[in-house]
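After the structure tokens below, expect a handful of questions from me.
A, B, C and D are the chain letters, set down in written order, and residue numbers restart from 1 in every chain.
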Amino acid sequence: MTVRFGLLGAGRIGKVHAKAVSGNPQAKLVAVADAFPAAADAIASAYGCEVRTIEAIEAAKDIDAVVICTPTDTHADLIERFARAGKAIFCEKPVDLDAERVKACLKVVAETKGKLMVGFNRRFDPHFAAVRKVIDEGKIGTVEMVTITSRDPGAPPVDYIKRSGGIFRDMTIHDFDMARFLLGEEPVFISAHAAVLVDKAIGEAGDFDSATVILETESGRQAVITNSRRATYGYDQRIEVHGSKGVASAENQRPVSIEVANADGYTRPPLHDFFMTRYTEAYAAEIEGFIAAIEKGATITPNGEDGLKALQLADAALQSVKEGRRIRLG
Amino acid sequence: MTVRFGLLGAGRIGKVHAKAVSGNPQAKLVAVADAFPAAADAIASAYGCEVRTIEAIEAAKDIDAVVICTPTDTHADLIERFARAGKAIFCEKPVDLDAERVKACLKVVAETKGKLMVGFNRRFDPHFAAVRKVIDEGKIGTVEMVTITSRDPGAPPVDYIKRSGGIFRDMTIHDFDMARFLLGEEPVFISAHAAVLVDKAIGEAGDFDSATVILETESGRQAVITNSRRATYGYDQRIEVHGSKGVASAENQRPVSIEVANADGYTRPPLHDFFMTRYTEAYAAEIEGFIAAIEKGATITPNGEDGLKALQLADAALQSVKEGRRIRLG
Amino acid sequence: MTVRFGLLGAGRIGKVHAKAVSGNPQAKLVAVADAFPAAADAIASAYGCEVRTIEAIEAAKDIDAVVICTPTDTHADLIERFARAGKAIFCEKPVDLDAERVKACLKVVAETKGKLMVGFNRRFDPHFAAVRKVIDEGKIGTVEMVTITSRDPGAPPVDYIKRSGGIFRDMTIHDFDMARFLLGEEPVFISAHAAVLVDKAIGEAGDFDSATVILETESGRQAVITNSRRATYGYDQRIEVHGSKGVASAENQRPVSIEVANADGYTRPPLHDFFMTRYTEAYAAEIEGFIAAIEKGATITPNGEDGLKALQLADAALQSVKEGRRIRLG
Amino acid sequence: MTVRFGLLGAGRIGKVHAKAVSGNPQAKLVAVADAFPAAADAIASAYGCEVRTIEAIEAAKDIDAVVICTPTDTHADLIERFARAGKAIFCEKPVDLDAERVKACLKVVAETKGKLMVGFNRRFDPHFAAVRKVIDEGKIGTVEMVTITSRDPGAPPVDYIKRSGGIFRDMTIHDFDMARFLLGEEPVFISAHAAVLVDKAIGEAGDFDSATVILETESGRQAVITNSRRATYGYDQRIEVHGSKGVASAENQRPVSIEVANADGYTRPPLHDFFMTRYTEAYAAEIEGFIAAIEKGATITPNGEDGLKALQLADAALQSVKEGRRIRLG
């Protein structure tokens, strides 16, 4: 069986998914839609698919699944439309920046028995996935503490910051999902600490650029997330999971692993400077996982519920910062 | 000039300092005192010094300085006595487990213009000291976030735990001092999160064995400390300081740095399994720093005030855990 | 401009190149030929190209270039035929196991002004290429010593060994090319030392499984190559270039870079266990380089002359082992 | 029992051994002799021992053992004298630069049933010793190939070079001993390749500054030694032992193990820049081993025979370079 795809949104991340779908032997990219015809045409000509309207893709009989890469504020509406149209849906995170809107959307997905995967690509990073496998195999015993270091190479433009929903909903949300992926228990408490250290303009826009968040589960397990919008040395993405029998960790990744030594010391190149090169393998594996789940009729993970939970953690983090106290979740 | 020493307490840590003093060309170990004659005799015969009573050392004209390695509950009294006797004092941490008692003791030190160094040996670890030097040289710009990983190889006996003052006053206190050493600003907020994950008996004794603490300064700098009473892979002691221009970090230390690779992978030996072997160089450098300060009449660091501040952070950490909120310091 | 390709040989390495050509936006895979119809069909259906005979590809007007992945003993004949047919040629190494045959073949390429690239893929490995870049930028000064560690995960079947031309022509040949790529001067002396340590059957087949080779240039630069047909920990591929100002080195690669620590120590997974996964990026970059050279009319590197020189080093290595002495080249 | 020592030679290495002897609880430094009274006085006052003449030490009843740190050309004579005087002897390498002189000297040692240790300190380096332990425990199976990287931080003065006996007898001799320590079989063939790349003045003095040496045993095991008189990044001392089941390696050592990362990459400090700081632990362990052997009446290793064999390898290496061929040993 071949899964036939429609792509909604032909921007930066749309191109990534177009390539992943086209390169997958179990999938075929049938059509692409975008508000900018030139963007859609580029993908159509590169991968030999048609340009169609969203409505046409919705109605198409030759399309089984869609990948939603449109602007965030269109996600929930499109999910509802395509769930009703009976298409399997892969949607870039987040479903929406408002938790109530997400809940309403997931209700429609549930009512229509829709299949929805949410794009928390990091679960599919081979290194992070290997850490999870080590946990599942019992090699480090019972999980006790997860530490996630997540620092962006550089801050996005303030215009982006203003529309982003804030650092917790835009950036930490990936780490919230990773913490849930690794903790093995749902967090029941959250404490967040945020500051403006990188760029005053971010503070003036009402957001933070540096943060530490602690999640605690009922049994006392902890996840510690540290974030910064700047890392001069590249995209800093590390995880460490301490258990009763040992610790598993995933190191940083760099484009080339060479070392040059001279009188000044031993120097290795900076890390990846962009999330798309850092997570190239993760993006491909994510779509592969989506296709495999559709083909086998398997449960889709991460799903809409995972998207909602990460968003609720982001909301609670913001509340914790504002109130200077630990927040009980749920 | 040679600094002539009396050693008070001939136990485990007393032996470490006896060796450091004896091996230092600017110092001489003149006498040792201990409630157990056999312990004092062992040091006397190994290093060629006399056994004396504490009173005799207090009154001795051939002794310039003392190293206090007696049980914690005697520290404050001995500091006061030897400050009044005009001896320079090196005292193992803590001065006392009660902040009010520490304050009273430091008042006596101030009144007698006493010289007091408190044994936060980690400041003298060559690797941590090198990180501090990198900061001082401006190589990483303005400090923004300090992360301290501090995990003991194994939990002490519950009897020790009961007398220890609890994890924050016994274990984290070193990390509080290290955070102050590296942050470059005094913390104004503290939030602590603790759990019993390693040993239920520790919980039954009213203490915790796992903890995360966040310190925040007025300008928003953060220090994140993670602690556990257990690390199967050895004594995990890492620091990482993120600044506006980069990051400086100190790696873990192991007794031998070899690697064996076979079909199961690449394996390096576990870390040091004991604080004394991990911090051998730090203990020697600490006494060296004390002697140098006495000889040059230089300011002693870390001093009683540093001891007090670390203890106050420990007290506030406990309050934060109990009240589930961030505590404003001072 | 799009370069239109014919693929000769649809085996293991043929599939790798089919994928690389198909995935390259400047190239198109037009046809595939193989003695086994099923193999050709598989590639044709996976990448949407035609199955043709070698003769048809030779005569085709819609084909600009060929990739030769057929058995070694057909390489030289095919290069001559396609050079005469005016096609650009990418040929897997070696051109032939006999240096005289290679010379005759290259004469035809020269007479027909043919374009020929020889598949020394390792030059295109991003890590090794980065080391070469460091040299070219002068960062390590004048090259003095190159060390190449090249150890296979496991020995091939003895049947393969018998047809391989021996360890120097089959395995070390890649390292000879890498040494020439990095030394910056042609070797004038070669000394080789070989043994049978891994598998007696290899010795009975008249070959060796372990070897060390020293190359020396006129000015005294050295390259040291160590080889083994077995490395339990994976495919060991390291280079180190020492110069007057410093050293540049390329580390080993593994599929996932995680680490698990427990009471037995710190363990990272084994290295890649197969040359195709280790050199995935190199294979793609190699074809990319071939296409770019054709498009720009640029000089092709590595070319037939590079293939010949590596083979001559292999021949001289065997002579050195047999005679127990250093051999002067050329 | 306490072993009572006389120290012959109070120069740089003499001080190292004076400290090691004084700090050892089973040993006592009784007397020191040196042609320069000031040098002897300095050690006498630092460690509380007497200054005596060599003759007095030879005749002394209160001295059990001597450490010979005088100039190389006095070693053999002193060994003979002190062997006849019944003292246990630790002698810095080499016994002599002339193999015949060494043989004659060892004959005297044998006749007098003398106890002689030769100062190949690297066997006692904890990291190299740990590699040997891994071999002895069978963890890497049968040894197949040993690679030794040994590069000095900087070339010694040409005056030193002229008296040194040449790179093989002065520098590589340590690596020859290490190769024998790790190979598990005696080498039967040696091939050496040397060049002048670092400093022309070294070449004008008739010596080399860069070299590669291959040792081969009867069964085909190989040791590959690479040497340079210059390493801008510090004292490069690595070993790697490949066996049938895996590989064991010892990494380089640096004074502080920190890392600083910024936009230029991740930088660790240079290695140790001096053999005395690199091998501090080895020097102490070596004397400890000598004392333990004397006390227990145990066999001394490495002994005079080890010194002779390393020298013979050095002589054969020079012959190999001159004749451009592999030399059969013994």
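Just so it is clear, contacts are C-beta pairs under 8 Å (C-beta built on N, C-alpha and C of every residue); 3 or more make two chains touch, one makes a residue touch a chain.
Computed from a predicted structure; not experimentally measured.
Student: Counting C-beta pairs in contact, which chain pair has more, B-D or C-D?
Tutor: Counting C-beta pairs in contact, C-D comes out ahead.
Student: Hey, which chain ends up farthest from chain D, C-alpha centres compared?
Tutor: A
Student: At what distance in angstrom does the C-alpha mean of chain D lie from that of chain C?
Tutor: Inter-chain centre distance comes to 42 Å.
Student: Could you say which residues in chain C touch two or more other chains, in rising order?
Tutor: Within chain C, residues 232-233, 245-247, 261-263, 269 contact more than one other chain.
Student: For the complex, which residues does chain D have touching chain C?
Tutor: Per the touch definition, chain D meets chain C at residues 142, 144-145, 147, 149, 151, 189, 191, 193, 195-198, 210, 212, 214, 216, 219-222, 224, 226, 228, 230-233, 236, 242, 244-247, 324-326.
Student: Sort out for me which residues of chain B touch chain D in the complex.
Tutor: So the residues of chain B in touch with chain D come to 23, 25, 46, 126-127, 130-131, 134, 139-140, 245-251, 253, 255-263, 269.
Student: Mind listing the chain D positions that touch chain A in their complex?
Tutor: 232-233, 261-270
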